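Alright, structures below, take your time with them.
In what follows, subunit A forms one complex with subunit B and a second complex with subunit C.
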Partner chain A sequence: MQDLLIVAVHGIGIGAIYAMVGMSFNVVFNSSGILNFAQGNLLVLGGLFAVLALPDAPSVGQWILLLPLAALALAGLVAIQGGITLLPLRSSVEQHSWLITTLAASVIIGGVLLIHQGSAQPAVHSPFRGFRLVGMRVPASYAFAAGLAVLWYAALRWFHTRVLVGLAISAIAQDLDAARAAGIRVRRLQVLAFAISGMIVGSAGYIAAPVMAIASDSGISYVMNGFVAAVVGGIGSNLGSLVGGLLVGVITSYAAYNYGGEFQDMVALALLVGVLMLRPQGLLGRPAARRV
Partner chain B sequence: MSGSPAGKHTMQQMTGLRGTCRSLAAFLLGSIAVSVLAAGAACAQGQPLKVGEFLDITGGGASAAEAARLGIELAVQEINQSGGIKGRKIDLLTSDTQTDPTVGVGEIKRLVLQEKVELVFGPLISQVLMAALPVLNEAKVPAVGSTGSDQITMEKAPYYFSTLINADSQAKAMVNQAESALHAKSAAIISDSGAQAKSFVDSMKRELDARGIKLTGTQEYQYRATDMTPQLLNLKRGNPDTLLLFTSSGEDTGNVLKSLDDVGWIVKVTGNYTVATFAEAAIRIAGKEPFKKFDVTGMAYKAFTYCKADDLPKPFLAFVAKAKAFRPAESARLSLPFAATMYDAVSVFKDAVEASGGKTDGPTVTAWIEQNAGNHQGVLGPLNASPTSHWLAGPDMVTAVYPDRLLDAGLQQRYGC
Partner chain C sequence: MIVGILLVIVSIVLPALLGSPYWAHNFLVVTLFVCVAVLQNMLLSDAGQVSFGQGAVFGLAAYVVGIVSELWGQGYAIGAVAGLGAAVLLGLLFALPALRVQGYYLGFVTLSAAVVFPQMLVALNDITNGINGITVTVPPLAAENRFGLSWTSALVALAAIAALLFHAAFRATRTGRRMRVAASSPEAAMALGIHPGRLRFLAFTIAAIGTGTAGVLYVPVLGFVSPYAFRVDLSIFFFFSVVIGGNGQLLGPVIGAWILYLVPNALLASWSDYRLLGYGIVALLIMLAFPDGVVGSLAEKLRQRRVREPVPPVAMDRIRAQSLAARAAPASATPAITVEAAWKAFGQLAALGGVDLTVTAGHVHGLVGPNGSGKTTLLNAISGVAPLDAGSICVKGTDTTRMPAYRLAAFGVGRSFQTPRIFDGMSIWENLMIGADAAPGGDAWLLRGMAENQDAWSASRPDLLPHAQRRVLEIMRVVATDADILLLDEPAAGLSPEERRDFAGMVRFLRDRFGKTILLVEHDLDLVWRVADRISVLDAGLIVTEGPPDAIHDDPRVRALFTGKVNA
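Right after this comes the complex of A and B.
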């Protein structure tokens, strides 16, 4: 029973990271119809920020101070990526060059990481040792990741329902042409959505750095599981991503515990296929109406 | 007039002249042919020897590939500076398999069919080699890499050699360590999900069974996984005397030890060759403390070990000095023992091609190495290959070490010293 509790806690921690990647997918998707496949490597860049910015023995104050900086740094970077991705598109919904652009961005980030640190996987120093639960140590990053995922969900909900700019982005999500006709500066808000997604993955990567593989080739695993979380939860639904991420994290951890580590990826993909077959819009997604 | 003697004489003269002309023509043609062949041979001798560096530069095998490149490129530089192999300088063409068999097939085709390389150095990952073998075998290109799967037999890879201690030898050495040094009666296995690891688990099960040691469980993790807690909790249920750890990167070793520390399961860890050779990367991730806490041992080539600090292996120290002069920054962070194994591999291929009169075809090079590897004097000492084995490192070249007791350049202290 104690083992299962630890497996569940670790699963929730890992799942929270996937959930944030999923929410980051949603923010961009809702405003532009674009799935930013560079999210995995952007998350790793958030971790790299922690590697580069934190001293060998950071204080709690230093660590807290650098968290918003990591979010802002990634926001700036992803805004530039978004601007470049959107530049050639008249309509991001009808044109699909973003598929290649976002994948290219991911490959470029991987290449830069490889040039920067070679094949090595640096260790991240954290001021927090973790907490003890049923005689075992749980890395603090898991608790922080779970908290941050809930915080981002609440912040996005507030932003999209209470803030004028957020409401405008929600309007784009509902009908891009109508929003444009109503005078909403669509392109500017889409770039802003990219920046917000950068803040999410930047802060997530920074917080999760001690439990992440910060390497040129590790982004693929995070983007795949984040995408599974988003689709299982229902693409476009942040609550869905939160639930989907936790579900993916807990189920894959349990699969490793009970059946073997070789079943982890298989179980995540089986979950994706199962949900798509039984409920194509995802657990909490809404079926989209389409004019035919 | 045609029947006159004068006419007859003329005919004889003409017949003789025709014969002379034929002889002259034959001589001239022969001379031209010889000249062309000689010129061709001279030309071939001056042409660079194209060699493929077929490595897993990105992906799970990346850290080992960086070290391998250091060893290969140092050896190539030395060979080129001393005039090449039989007068042919080496032209090294590098390709990245991305630790992906599918990419590896494309890259080996480019190297062998398009670039026409005559020798191949690499890869380091068994499943990449298995995918590339049909191309290498068809073209009869000799190759040397550092793969450890027992699935790579001489029948499947007739022109391929490996510098690595194979999975079977590692399994025997590790079980021997668990039994004789730790007096273990039961053991659990944790490994990555690569082909070499699967061979290892099979060998390990056979070896444990043969020695009457109870296997309490096996578990796998993906390359670059950072949290092995679920797998370790599963293995902990069996309460084994020792945990047999087979990894393919130092980072993975570090993450297993870190997870073990988090779980709080105090168990003795008997590690493989990677646990020892890439200990610095593991220490960077987990620190030195878990090595002591879990009494971690690893397997290493004897050539890279010491017992007392005043009795260090001189060939390896000489290699280290050359590597540091060649690429100081890389030498400071990469595994020099691993680099040395590939340095030796290049050296034995050079000897084979030179001794075979410059021939680079698979059957000739392979036959020479099979016959003469035991006489090779490199960093590793005499090599092991024979007509029945293409493993350049044999079981008697392996010993158990304390991975964290590191001296300069990765020298490790032997267990029990």
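Right after this comes the complex of A and C.
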């Protein structure tokens, strides 16, 4: 019973990370129909920021101070990536170009990580000692990740309903041509959406750095699980990503506990296929209609 | 394609002759990858399936060979058969999600599977020897003759050449064309009697056979299999090769695989840490510079430069001018279409609220009504695209309420769409051939009648045709299918007044000369009143009135709907 509680807490924590990756997917997908495959490696970069920027024994103050910097640094990087991704879409009919450019961006980030640290995985020191639960010490990162996920959900909801720029991005999601006709600078807002997605994964990676694998080949696992979280909840829906992330995190944690860590991704894949077969629009999504 | 074959042969033979084992080995590996990339190209461009599963299929074939021939001691030949079989099974497994999702969804699902595959290889280490890998040697294949070539290199070259030849040949076959149609537009495919799901299965199977063959040959080339060789990077590589080279171009995968494998591996050989970075940068830069791929962009430029001969216009009067025997169907007393109490709702909105319609065989029956009255919904229901919630439909006396679209097409119901479903990736002539492909008897009488235009139309794409000719091309395609009932959805939209007169003449011609039954949904009341034998008026999901044109012309309800004789 105690073991299951630990598994659940771990599942909630890692699920919150997946939820945030899912939400970062949604922000970009809603405004340009692009699924940014590089989100996984970008999350790892957020963690790398913590590695590079934090001193060996950071104080709470330093840690808090660097959090928004991590978010902004990633925001800038992803905005650049977004601009590059959106560039060929202006003139080319080829619809696969964003698939390739986001994949290529992911490979490039992986390549940079490989050069930077080889196969070593740097450790991050956290100023927090974690909290006690049923006699075991649980890393504080899990709690912070969960809190941050909810915070981002609320922030995005407020942004899309109360702030003019957010409303404009929401308009693009609903009808691109009408938004353009209404005078909205679509391309700029799409890049802004990329930047916001960068803020989400930057802050998520920074907070989760102590419990993440910061390696050149770990990004793909995060993007895959983040995608499953988004799809299970319903792509485009942030509440869906929260719910989906929770489900994916808890289910895969339990599977890892029961069958072994190497089956974690397999279970996520099974979950993905199951949802797509039974309810392709996800738990909270609406089926999309097509005009014939 | 010939260029591709020559490149493959030269790349295998030359380094062996020059006695450079490093380059010989590199080209052996890249030729294997070319074989897979060609099939990935077919899967992506001809079948429209975004699948990242080929790396896993390749790896599974190689691993099963290793397990069966080495760990279970059965020898290479038996191992090869087992490997190929396993590859085909996995390929079919990848086809299953393709029945449910398409596009990038399918891409992510297959990508996730490609991530999980090496993890499973490690997890099941009782069978696979885990991270230690399996060493396999096949001495008879590896023995080199005096030119430095071995059976291995010959087989590898053959595999790649066979893949290229197959792809080129497949495109010219009926199945190949129908596969491209299904990839381009599922509705148009179903209206032509094509079952998209079956063709997807076929595509995945073909891809798995070719990829499995390459995977089986991987073992003698490298002599060692390990989980790290078949990670998701390999699947991404195959996909990249196709798109970087040029999606749909026959030579594309060769160039793509060469660039993405040889540039980082050979030029950055001494800085192995930088290989991954180099590979990503090369892919990104090429995608930005040549969004259609290297070969694709070149082909496009060449196409634009070619001096254009004027293309004979696509027009029905060429058929009229032919002394074709009248192919009028025997007059039948059975109504062509009978719709009873048709009901269809989208959420709270009742698009059809109990519609009754009878279309007499050999008649032109007009269906008019304001926007949103349910005309296209009714047409969709009759053609099997969107079935009714309640009510029944009979076509030629047979109940077709639940018949799927592709069976209805084979049953003799053809349709055109509001925007002409012309396949711009194929030539004008191929667009017509698709219609003939769908004819039950396979009789290409329309093509024979148009044979004088075959050369010009085979060399031209429909993307430069004016809208009216695209419309006529679509109608001609439907006529070529020998469908006896034609459902035309707002065909006159976008036509000029003179083109509309020609169109009216074509409709009358189809009825009088060919005996077709035509259900015509239109907004242009002038056109409908000129050609129709009977007219039904639809408003808000219900039939308001019905009868011959003269009878309902003065009906006050009709007048109220259209306020005089203007376009609705």
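We adopt the following convention: the second predicted complex is superposed on the first by the 284 of 292 C-alpha atoms of A that agree within 3 Å, B and C clash if a C-alpha of one lies under 4 Å from a C-alpha of the other, contacts with A are read in each partner's own complex, and residues count from 1 in each chain.
Simple rule for what comes next: a contact is a pair of C-beta atoms (placed from the backbone, for glycine too) under 8 Å apart; a residue touches a chain by one contact, two chains touch by 3 or more.
Because the structure is predicted, anything quoted here is derived from the model rather than measured.
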### Query
Taking subunit A as the common reference for superposition, should the pair subunit B and subunit C be classed as clashing or as fitting?
clash
### Task
Kindly classify A:Gly118 by the partners it touches after superposition: subunit B alone (first), subunit C alone (second), both, or neither?
both
### Query
So, does A:Met266 touch the first partner subunit B, the second partner subunit C, both, or neither?
second
### Message
Which partner chains sit in contact with A:Leu103 here, subunit B, subunit C, both or neither? Use first/second/both/neither.
### Response
second
### Query
Which of the two partners, first being subunit B and second being subunit C, lies in contact with A:Val243: first, second, both, or neither?
neither
### Query
If you stack the two complexes on chain A, which partner ends up touching A:Gly135: first (subunit B), second (subunit C), both, or neither?
first
### Query
A:Leu87 contacts which: subunit B (first), subunit C (second), both, neither?
second
#### Entry: Dominant toucher of subunit A (residue count), subunit B or subunit C
C
### Query
Is A:Ile6 touching the first partner subunit B, the second partner subunit C, both, or neither of them?
first
### Task
Please indicate which partner A:Ala50 is in contact with in the superposed arrangement: first for subunit B, second for subunit C, both, or neither.
neither
### Message
I'd like to know which partner A:Ser221 touches here: subunit B for first, subunit C for second, both or neither.
### Response
both
### Query
Which parts of subunit A are touched by subunit B and by subunit C alike?
110, 114, 118, 216-217, 221, 260, 262, 265
## Note on the structure
Residue positions on subunit A within touch of subunit C in the complex are 35, 84, 87-88, 91-94, 96-97, 99-101, 103-108, 110-112, 114-115, 118, 216-217, 220-221, 224, 227-228, 231, 260, 262-263, 265-266, 268-269, 272-273, 276-277, 280, 289, 292
#### Entry: Residues on subunit A engaged by subunit B in the complex (per definition of touch)
3, 6-7, 10, 14, 110, 114, 118-123, 130, 135-139, 211-213, 215-218, 221, 253-254, 256-258, 260-262, 264-265
### Task
Quick one: which bits of subunit C touch subunit A in the complex? Just the residue numbers, please.
44, 50, 97, 100-101, 104-105, 107-109, 111-113, 115-116, 119-120, 122-123, 187, 231-233, 236, 239-240, 243-244, 247, 273-281, 283-284, 287-288, 291-293, 296, 346, 376, 380, 385-386, 417
### Message
Considering only the defined contacts, which subunit B positions touch subunit A in the complex?
### Response
57-60, 62-63, 65-66, 98-99, 193, 218-222, 224-231, 233-234, 236-237, 251, 254-255, 261-264, 281, 284-285, 333
